[in-house]
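Would you mind keeping the following structure in view while I ask a few things?
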Amino acid sequence: MSRLQIELPGLQLRNPIMPASGCFGFGREYSQFYKLDQLGAIMVKATTAEPRFGNPTPRVAETTSGMLNAIGLQNPGLEKVMNEELPWLSQYDVPIIANVAGSTIDDYVSVAKRISTAPNVHALELNISCPNVKEGGLAFGTVPETAYEVTKAVKDVSSVPVYVKLSPNVTDIVQMAKVVEKAGADGLTMINTLLGMRIDLKTGKPILANGAGGLSGPAIKPVAIRMIHQVSQQVNIPIIGMGGVQTAEDVVEYFLAGASAVAVGTANFVDPFVCPTIIEALPALLNELGVDHISELTGRSWKKEWNLQSSSH
Amino acid sequence: MRQLKAELVSQTEIAYSIFEVIVYHEAIDEQFQPGQFVHVKAGNGYDPLLRRPISICHIDPEKHLLTMIYRAEGKGTRLLAKMVPGGVVDLLGPLGQGFPVESVGAGDTAWLVGGGIGVPPLYYLSEELTKRGVTVKHVHGFQTESVVFYEEKFKALGPVTITTADGSYGEKGFVTTQLDHDADYLFACGPSPMLRALESYPAKKGVYLSLEQRMGCGIGACLACVCHVQGDETGLAYRKVCSDGPVFRAGEVVL
Amino acid sequence: MSRLQIELPGLQLRNPIMPASGCFGFGREYSQFYKLDQLGAIMVKATTAEPRFGNPTPRVAETTSGMLNAIGLQNPGLEKVMNEELPWLSQYDVPIIANVAGSTIDDYVSVAKRISTAPNVHALELNISCPNVKEGGLAFGTVPETAYEVTKAVKDVSSVPVYVKLSPNVTDIVQMAKVVEKAGADGLTMINTLLGMRIDLKTGKPILANGAGGLSGPAIKPVAIRMIHQVSQQVNIPIIGMGGVQTAEDVVEYFLAGASAVAVGTANFVDPFVCPTIIEALPALLNELGVDHISELTGRSWKKEWNLQSSSH
Amino acid sequence: MRQLKAELVSQTEIAYSIFEVIVYHEAIDEQFQPGQFVHVKAGNGYDPLLRRPISICHIDPEKHLLTMIYRAEGKGTRLLAKMVPGGVVDLLGPLGQGFPVESVGAGDTAWLVGGGIGVPPLYYLSEELTKRGVTVKHVHGFQTESVVFYEEKFKALGPVTITTADGSYGEKGFVTTQLDHDADYLFACGPSPMLRALESYPAKKGVYLSLEQRMGCGIGACLACVCHVQGDETGLAYRKVCSDGPVFRAGEVVL
C-alpha cells in the first residue's frame, strides 16, 4: 500500500491532497496543466439548485499573505452540473466531493439528493459556511440548531457520506463540530474563509463590491490549525483540513494538528501545479520525519501515546 | 498556456513610474497574440500573494523575448520594478482571447485607442496589423506629460495623437474627441469610462475592447472576473474576462 | 488645531497613534529610541491585581505575515505599576491608557478602581479578550452576559472613561459591542488577537509551550477592518482600531472603516520607530487624499453623506 | 542600541548551509561586545515578519565591520543567505548583556565551549580575551564534519578540540567529555542540554552561559523571552534573555 493512500468515509484516496471547493472550478481549467487523476480527490465548486450569477465585481482583493473573495456561489446550477460537469470529470479516475449549497434546507436537500447519485460523486461537502451570500450560507454554519437540522436533513437523503464544512467565524468551533457529528455527519472539512474586508484608500469604499468577503490563504493557516487541533480531540469523525496550504510541510502541520487529508485552495491561483508538486514532495518529507505512512501523523500534536513513544527515544 | 520561469533581460523606466521589462524564455513565440496577457508573480514569498495580469506589448519570436510595460504603483508592481537582469520572472501565459488580428485585412483602416496603462497591448496589435497591410492610426490618452511613453515607437507604425487630461502634452482632454468616424475597426484598451464612451463608435466592421478586472486565477477557474452579457434577460449569462476576454466585441458584454 | 489632533472620551490626543497594549511594555525600552511624548497616547501592558509570571516559554512563534504570542499576562502587579511604572511614565507629557486584566470580576474592579486614580492614566482599556490565560480573559470577552457585568462593574468604580477591548473570536462582534456599550463603555478597542496555533514539524508539538496563542500582525488586518466596519455602524461610542497596522496607509484604512484612533502592536517589534514614522507620514497622506483633518475619514466607507458628496465630484 | 541600515560587504558559505556575512555601518565600533547580539530583519516585506537574533562573531572597529555567522535553515535565514554585496541589512543592536570580558584578567585560563551555531560569539570573545592576556582553550561540538567551521581561525587564538556527534570529524561524542577541570573560567554557548551539562563545571572564578530563546522585540518590551531565576520561591522573579542576557552567570537562571 502506498504511503500516501488514505481511506475516509466514502473515499479511497490515492493520496490525501485535493483542491478545495471554489478554487478549481470543475477541473477543466487545471486539466490543461496536468492529469487530474494524480489528485487524491477533487472538491468541486459549490452547486445550488438553480444557476446563480453571484455577486457584482470586483469579487477579489488581495490582503497581506491572503486574499478576500466574494464570488457569491456563482454556479451553473444542479442540472448543468449533473449533465455536463460531472460527466466530463468522469473521464478521470478520481473521486469527486460535491460541494452543496443553498438558501433553505429544502435547497440543500434537493441538491444533495440528486447530486449524490452521480456515479463519480463519492461524498458531499455541505457548505454551511459561505460568507458571501445574504441568506443561508454562513447563517447555517454559525447557529448550532440550524447546522444540526440541515446536516440531518441532508444525511437522510444522501446516497454517499456527508462531510460538513465548518465556518471559522464562530465563538465555539468545538460545539459546532459536535452538533454536526451528532446530526450524522461522516466527516468535517475545515475551515472555510474568515470574514474580512479591505478598503480602497482612493475611493474610500470597500474594494469588494460586496463589502466584506472571505479571507483565505497563508494568513489564516494558524487559525485553521488551532481549530483542527481543538476539534479533532473532541469528535470521532475525520477532518479534511484546509486554509493556506502551499507546501508539503503545511500538509504535515495539518496532519499533526489532527487532519486526515488536506485541501488546497488559494494556492492553485498562485501556482497551478501546487497540488501535484505537494504530492510529489510528500514521500521525501515523510522520510525526513521518519514516518512510514502519512496517516501516522494524524493528531500527533495531541496524542498521548505518541508523547510516551517519543519520550522513550 | 504554460507556466514559464522566464529570465529578465532588461528593465528600463521609460516614463515616470512606467517600466518596460523584457524577458526571455524559449517557449515565447508567435503563439503569444496581441491582446492576450500573462499572469506575473511578483516576489518569491506569500506577500504579495496573487499574480498580476500584464498585457503582451511586443514579442520577438526568434529571440524568444516578451516585452511588457507596466506602472509600478502597488505592492506587486513595485517589487517587479526592483528586479534586475538575470532575475527569474514567473509567469503564466499566454492567457485569454486577444484582438481578432486574423479577420482584419490589407486595406482596412483601424483606430487604436489607448488610455494610460492600456496603451501597451496596442503596440503589439499595431505591429501585427501593419504587417498585414492595415492602415493604423493611434490616439493615446494620458494623465500628464511625465507618464507618456512609446510615442516614437507607435509613430513608426502610423500617426499618433496624444491627449493629456491636464493639457501638459499634446491635446488637452480625452481620446474620444480625437476620432474621425471613417475607420473599419476600432480597437481600444483603457479604463472603463473610456471603453464605455467608445462602445458605440460607428466602425464599419467592428469595435473591440479590452477589459480590466481584478483576477484570482487568471485562467477561468475562480469566477472572480466575470461580467454580464448584454441583452441577457436571465441575468445568468456571463463571460470571464480572463479566459473569454480580455478582448470582447463591443456589445457582447456589459461594461 | 493640528490636523491629527483627536478628542476621545478622557483623551486629548495630539495624534491618533498609540502603541498597543503588551507590545510596548511600560515604555522604558522604546524611550531609548525616541521621545515618548511624540505619541498620541500609550496603551501599557495589562496589569493584574497580583504580579504574574505568565506562561512557560516558548511564548512566541512566527506565522506567515503574523505572529502568535502566549505571554500570559506577565506583569509586575498593580502595586508596582502604581509605584514605579506609571510614575516613571509621568515624565512624559502623554496620556496613558491602562490595560486592566483579571480572573474574576473582583480582580478587574480592584485594579480599575485604583489604577484609574493615577494622575497620568486618562482612560482604562478593559482587557476581556486575552486568549492566553486559563480563567477570565477570553471567557469574559466571548460571553455577552459576563462582558456586560464586568464592564458595568468597572464603570462603577473607574475615575476615568473605560474602553472595552473586544475579542475577534466570536460569532457576533456587533452583539458584543452593543452589550458593552449598554453596560456603559465609553469606547471600544478592537481587535485583540485571533486564536491560532503553529506546530513544529520536528517535535510534532505546538511551537508555543501553551499550545495555542494570539495571532497578531498584518495577517489579521482584514478581519479587524471588517469588524470595525460592522461595529462602528451600530454603536455610538468611538473605536480605537488595531491589528496589523504598519503604515500611515493602514491607519487611513482603519479610519475609513470606522476607527477614531489607531493602535500599533506587533509592528513595534519589527521597527521600533514605527509609531513616530507613521505620525510623520500622515500629513502628506492626508494631502494626497485631499483631507483637512484626519477625523473626517472616520467611517467614510459606510457614511451615506459622503457617498452623496463624492458622487457630486 | 540603534537601528542600523548596514551595507552587506561580503557573504560566504563557509560550511554546509553555514554563512559568514560581513556588514558595514559607521556606527559599528567597540561598543559591540562579545556575547551581545543584533536583531536582523530578513527581507523587506511582512513575510517573514519578525527579526532574527544573531550573535556578534567579530568586530573591526576601525573599518566599522561586523561579522556574523548563521545557519540558513528557516524562512528568514534562507532569505538572508540570498543577499549579495551592496544590499542593505537592517539590524538593531548591539543588544543584550555579553560576556564579562572586563573581569577576566591576564594569566587567567578559560574554556570556551561552543555547540553548533553557538560557536560564532565565542570567536569574538576569544579574540578579546587573548588580547587581555587570557589563556584560552576551545572545544566545539558539531553534528557532523560538513558543518564544522572556523577551526583554523580559533587555532590562531588557542588550542581547539572538535567533537562531532557522528564521529565524522575530530572526537566522537559531546563537548563535555573533552574538558579538564582546571580553568578559571568557562564560557559557553549552544543548545540547552549542553548548557545544562556545563552549568556545574567547577571553574575557579566563574561559569557564564549564553542562552537561546524565541524572541519578539529583542529589546525587553514584550516578555517573550523570560526565564525563571534559580532559588526564587515565589516563581515570579524573572530575567529577559534579550536584555538581561543572553549571557548569564551559571546559577542565576533556570536553564
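Miscellaneous remarks
Order of writing sets the labels: A, B, C and D. Residues in every chain begin at 1.
Basically, contacts are C-beta pairs under 8 Å (C-beta built on N, C-alpha and C of every residue); 3 or more make two chains touch, one makes a residue touch a chain.
Everything numeric here is computed off the predicted structure, so don't read it as measured data.
A comparison of the B-C and C-D interfaces places the larger number of contacting C-beta pairs at C-D.
Mean C-alpha positions place subunit B and subunit C at a centre distance of 45 Å.
Centroids of subunit B and subunit D (each the mean of its C-alpha atoms) stand 54 Å apart.
Computed centre separation for the pair subunit A/subunit C is 33 angstrom, with centres defined by C-alpha atoms.
Look at where the CA atoms of subunit C average out and do the same for subunit D: the two points lie 36 Å apart.
Along subunit B, residues 45-47 each make contact with two or more other chains. Touching two or more other chains at once are residues 63-66, 218 of subunit A. Contacts between chains leave no pair untouched here, as each chain touches all the others. By the touch rule above, subunit D contacts subunit B in their complex via residues 43, 45-47. Considering their complex, residues 64-65, 218 of subunit A touch subunit D. Subunit B contributes residues 1, 3, 41, 45-51, 75, 92, 213-228, 235-236, 238, 243 to its touches with subunit A in the complex.
Subunit A contributes residues 22-25, 28-30, 32-33, 45, 51-54, 57-67, 69, 71, 74, 207, 217-218, 246, 266, 268-273 to its touches with subunit B in the complex.
Residues of subunit A touching subunit C in their complex: 63-66, 68, 142, 169-172, 194-199, 201-206, 211-212, 215, 218-223, 225-226, 229, 244, 249, 252-253, 256-257, 289, 297, 300-301, 306, 310.
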